[in-house]
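Please find the structures below.
Here chain A shows up in two complexes: once beside chain B, once beside chain C.
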Partner chain A sequence: MKLFWSFTRQAFHNTVVYRVEFWIRLVSILLAMYSIRAVWQTLYTQRPDAFGLTLGQMVTYGVLGMALHAFIDTGSEWYIATQVRTGAIDTDLLKPIDFHVHMLARNLGEMLFGMGVMALPTYAIGYFVFGLQLPPDAGAAGLFALSVLLGFLVQFHLGFLLGSVAFATLDIRSIAWAYFAVISFFSGQMVPLWMFPDGLRAVAEILPLQAVYYIPMSIYIGTYSGTAAWSALGFQALWALILAGVARLAWHQVHRRLTVQGG
Partner chain B sequence: MNPISLYLRLVRIAIKARMQYRADFVTGILGVIVMNVVNISLIGILVSRFADLNGWTIWEVVFLYSLWILGHSLFSLFMWHIRTLEDYLVQGTFDQFLLRPASAFVLFIGREVQYLGIADFAIGVSGMVLAYSNLRLTWGPVEWGFLVLAILAGTLIEMTLTLMISSIAFWTGRSRRANSLVMQVNVMVQYYPVDIFGAFFRVLVTSVIPVAFMNYYPALMLLGKVEHIGAWWPLAYASPVVALMMVGLAAGVWQLALRQYSSAGG
Partner chain C sequence: MIHVEHLTKDYRRVKRREGLFGNLRTLFSAEYEPLRAVNDLSFDIAEGELVGYIGPNGAGKSTSIKMLCGILVPSSGRIEVNGLVPHKNRMANALQIGAVFGQKTQLWWDVPVIESLRLFRDIYKVPEPVYRQNLEMFNDLLGLHEFRDAPVRQLSLGQRMRADMAAALIHNPHLLFLDEPMIGVDVVVKERLRTFIQQVNRERKVTVILTTHDMVDIEKVCSRIMIIDHGQIVYDGDLERIRERYGTTRTLVIEFEESVPDFDAPHARLVKSEGRRKWFAFNRLETSPSALIAHISARYPVADLAVEEPDIEEIVRTVYRGGGPQEAAR
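Up next is the complex of A and B:
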């Protein structure tokens, strides 16, 4: 466990080094929040009574999607793919820790960094500048935190699986683009699932992707509460377990066949 | 050899080099197509739920998106690697362009091609065809001519903007994040009509980062919505002029950058 945290801490330090990047990222997140508010505001001016949600809730939903994106997606696939392509993966395998656990620790560190240093401050600014809302009560806030953690686990394992593809193809860029697009669509990150046409909505509700954004965000704005919130958490936990299992299995297969180029 | 035939020869070489990796080609094209279809569907869901977006119907939004991506496709096909200028500078490989008896700019710009621009182009054409028929447009030669000019202007605007931002790396060694930020502004303009944003943003994308001239302003002319911007109507025709001004500006920045360049060694 101590080893686990030392990797987590290291990832945190690596990210602190780039200060200018930090400021540019901050501006970039605020800009994204601004565009989200502009779109919803325009749409709501046309139809103020749409879907029983207030404009405030809707803007909060959209900005939250942005804020979550700033830290929940730690890009484990890029790390794995780069290590594989350059052959540096051998140094990861030499470490006295299971690769899957190592990756999980590392990405958890990056996630916590992203949350503490990027998402929370920008969200606080957004709270004052764009009039964002807070969760309805402390209980909902707690469930939201739990739900974000489960969402991270789902996202991480999907990324881990995608990264493992690099062992077969070396370059995952084009697959990753399609994957990101599909995630941002079916996870409800930008547009909540209840606005989807029926057919697409049915697909989105089966896929694990809603566990990453839609579920935590619905708990936050209060459309999921009580039993609905708990069963949504169960859905997330189930998918996190399934994907973790599949990821370990896939890694086991890959590891057995692995040959590292160069050295 | 004159610069244009030199450029064409370089592009031929770059294409040959690219064709070494054909498997990449197919997955890459599919990736770009999926990404764009998903993006446009998301906007489509929103706009159709609410009927229109500040007076822009779904097909007008598709038109904006397609016009942008047509200009962008030529950039992405032939000039995408401008964004990687910092790698050439940091690794010292930029020196190869300075050591040869030809324009460093032509040598650099002809260094690579990026086949994914083909997918962008295909998406742009399909979107444009769909929008044209669904909006029941009937253009005369003036509109068609202006469309071609607007697309070329879009390419030049994106290229000069990227060249100037990437040139920051001549001084600082880094420009990637700054490029991403500008790209983010650019994508906002691609997806949404500029008039849904506040005055600050509209001024930003009209003057400092003039990406609104890639699609929004020319679209006002091509869709007969010039009255949307009232007394500012000349902007709807201004894309080609803006593009030429940007070319002049970028040429100046490039000269300045080369003059103070000192190699990273190697």
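Up next is the complex of A and C:
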């Protein structure tokens, strides 16, 4: 646990250097919040009953998606890919710490930092300015927190696997580009899954991606509650476990074949 | 401390084809060429030794060090570091070793040096008193306090090496791998690092393996040198012996009282002639300097003379080229 805290502290030191970047990110998240609210408001004035939710819930869903985005994706794939491409991976392997645990600690640290510094301000602004609603009750809030953590684990392991591809290809930019297109769609970050056409929805419900945004946000706005919420959490936990297992297997293979760039 | 037996490491390298179409073809069917970086390497290093590990670029130095660190998995052969097989017990092994790779830093780029050290303290679970004591030593010997609050990207190369050296020793390892830690560092810092390495070796009983291209490092610091080329050990022993074996060539420089025509002396070869000075190379196993001087001064009046020993760099160059003692003499 102390290790996670150390990495959080490190993430803080790492990020305070880039103050300009921090402000640019904050502003861009707020812009995205503003525009997603504008879209839903327009759609609701035209067809108020078409979406199965109140406008308040829908705006909450959209705005919350932006606040979550501010910290849940820590970009573990980029770190791994860069270390591999530059050969700096050997300095990571020099440490008496399992690589998978190391990456988890590092990214969890960054997530906690991002939550404190990025997500809480954007959440507050979302609440006061953009009409973000609170969760229906304290229980839902608690389940939401748990669900975000599980969503983070799923997101982290997908990134870890994507980064591991770099050991074979050295460069993951094109693959990452395709991956982001798929995740922002199938995770339900922008549009809830129930609005998908049947075929796509079936695909989205099997994929682990809904664990990242759709499930936590559905719990938050109250469309998942009680048994439905718990089984959704189970779905997330199951995928987190499967992906962690696959990630460890993949890493084991990678380490055996590792060649370090740059002598 | 270290036991290496018949160690071999093969890489597979994608054969690049030339031009755009060649590159496109590589996308579909890559051809690989095998590359043997380390070839049947065997050696032993005892506790407390300070070994200079040298060889030309691409000789397999870094690859073998990375196998000793457990970063790379050998293709075949056996390694033991203090009783552990590094690639099988990478983490346990990591606790007993420290390393500096001169071309890369293990410190966080954007973060003050001291914060990286704090993180390593937590990763290695270094007890607080030990950590403090080590920091004090780094302040004294490396001048760490001068730049401990600056982020790594603002450090000079010399400062960065000193910081990396501190990071490698923060957990009191038994074994220290230094892979070109002096690369690009100025003379003053070099001297400081050399003293530091010796001190750590002597006082803390840390076994050190030092890779360098600077023979002065080897001469000043190391008690033993291992020369590796094409993935194999070509020389292993102390400096005196390498001098005896490979450094048998001497040069006699003579300044004559007036300019004289070129001539050869028995068992010596005229290598250079400049004004009134001449340089004769000879093998000290074939003739002695006094015999040579006697012979020459009997023919022409000599104003001044000096015998030059080959420097270690020259000797090592001979070894790299695969020259045996005989070849070195020629």
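Note that in this section the second predicted complex is superposed on the first by the 256 of 263 C-alpha atoms of A that agree within 3 Å, B and C clash if a C-alpha of one lies under 4 Å from a C-alpha of the other, contacts with A are read in each partner's own complex, and residues count from 1 in each chain.
What we mean here is this: a residue touches a chain if its C-beta (ideal position, glycine included) is under 8 Å from a C-beta of that chain, and two chains touch if they have at least 3 such contacts.
Keep in mind the model is a prediction, meaning the values are calculated, not measured.
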| item | value |
| --- | --- |
| Partner chain in contact with A:Arg47 - chain B first, chain C second, else both or neither | first |
| Touched partner set for A:Val27, first chain B, second chain C, both or neither | first |
| Chain B versus chain C as contact partner of A:Phe196, first or second or both or neither | first |
| First (chain B), second (chain C), both or neither touched by A:Val39 | first |
| Partner chain in contact with A:Arg9 - chain B first, chain C second, else both or neither | second |
| Winner by number of chain A residues touched, once chain B and chain C are compared | B |
| Chain B versus chain C as contact partner of A:Ala178, first or second or both or neither | first |
| First (chain B), second (chain C), both or neither touched by A:Ile242 | neither |
| Touching partner for A:Asp98 - first (chain B), second (chain C), both, neither | second |
| Contact set on chain A toward chain C in their complex | 2-3, 6-7, 9-10, 13-14, 17-18, 86-88, 90-91, 93-98, 255-256, 258-260, 262-263 |
| Interface residues, chain C side, partner chain A - complex | 11-12, 57-58, 62-63, 66, 69-73, 90-92, 94-95, 97, 99, 101, 103-106, 108, 110-112, 115-116, 118-120, 122-124, 151 |
| Footprint of chain B on chain A - complex, ascending | 20-21, 24-25, 27-28, 31-32, 34-35, 38-39, 41-43, 46-47, 50, 169, 171, 173-178, 180-182, 184-185, 190-191, 195-197, 200 |
| Sites on chain B touched by chain A in the complex | 24, 27-32, 34-35, 38-39, 41-42, 45-46, 49-54, 174, 177-178, 180-181, 184-185, 188, 192, 196-198, 201 |
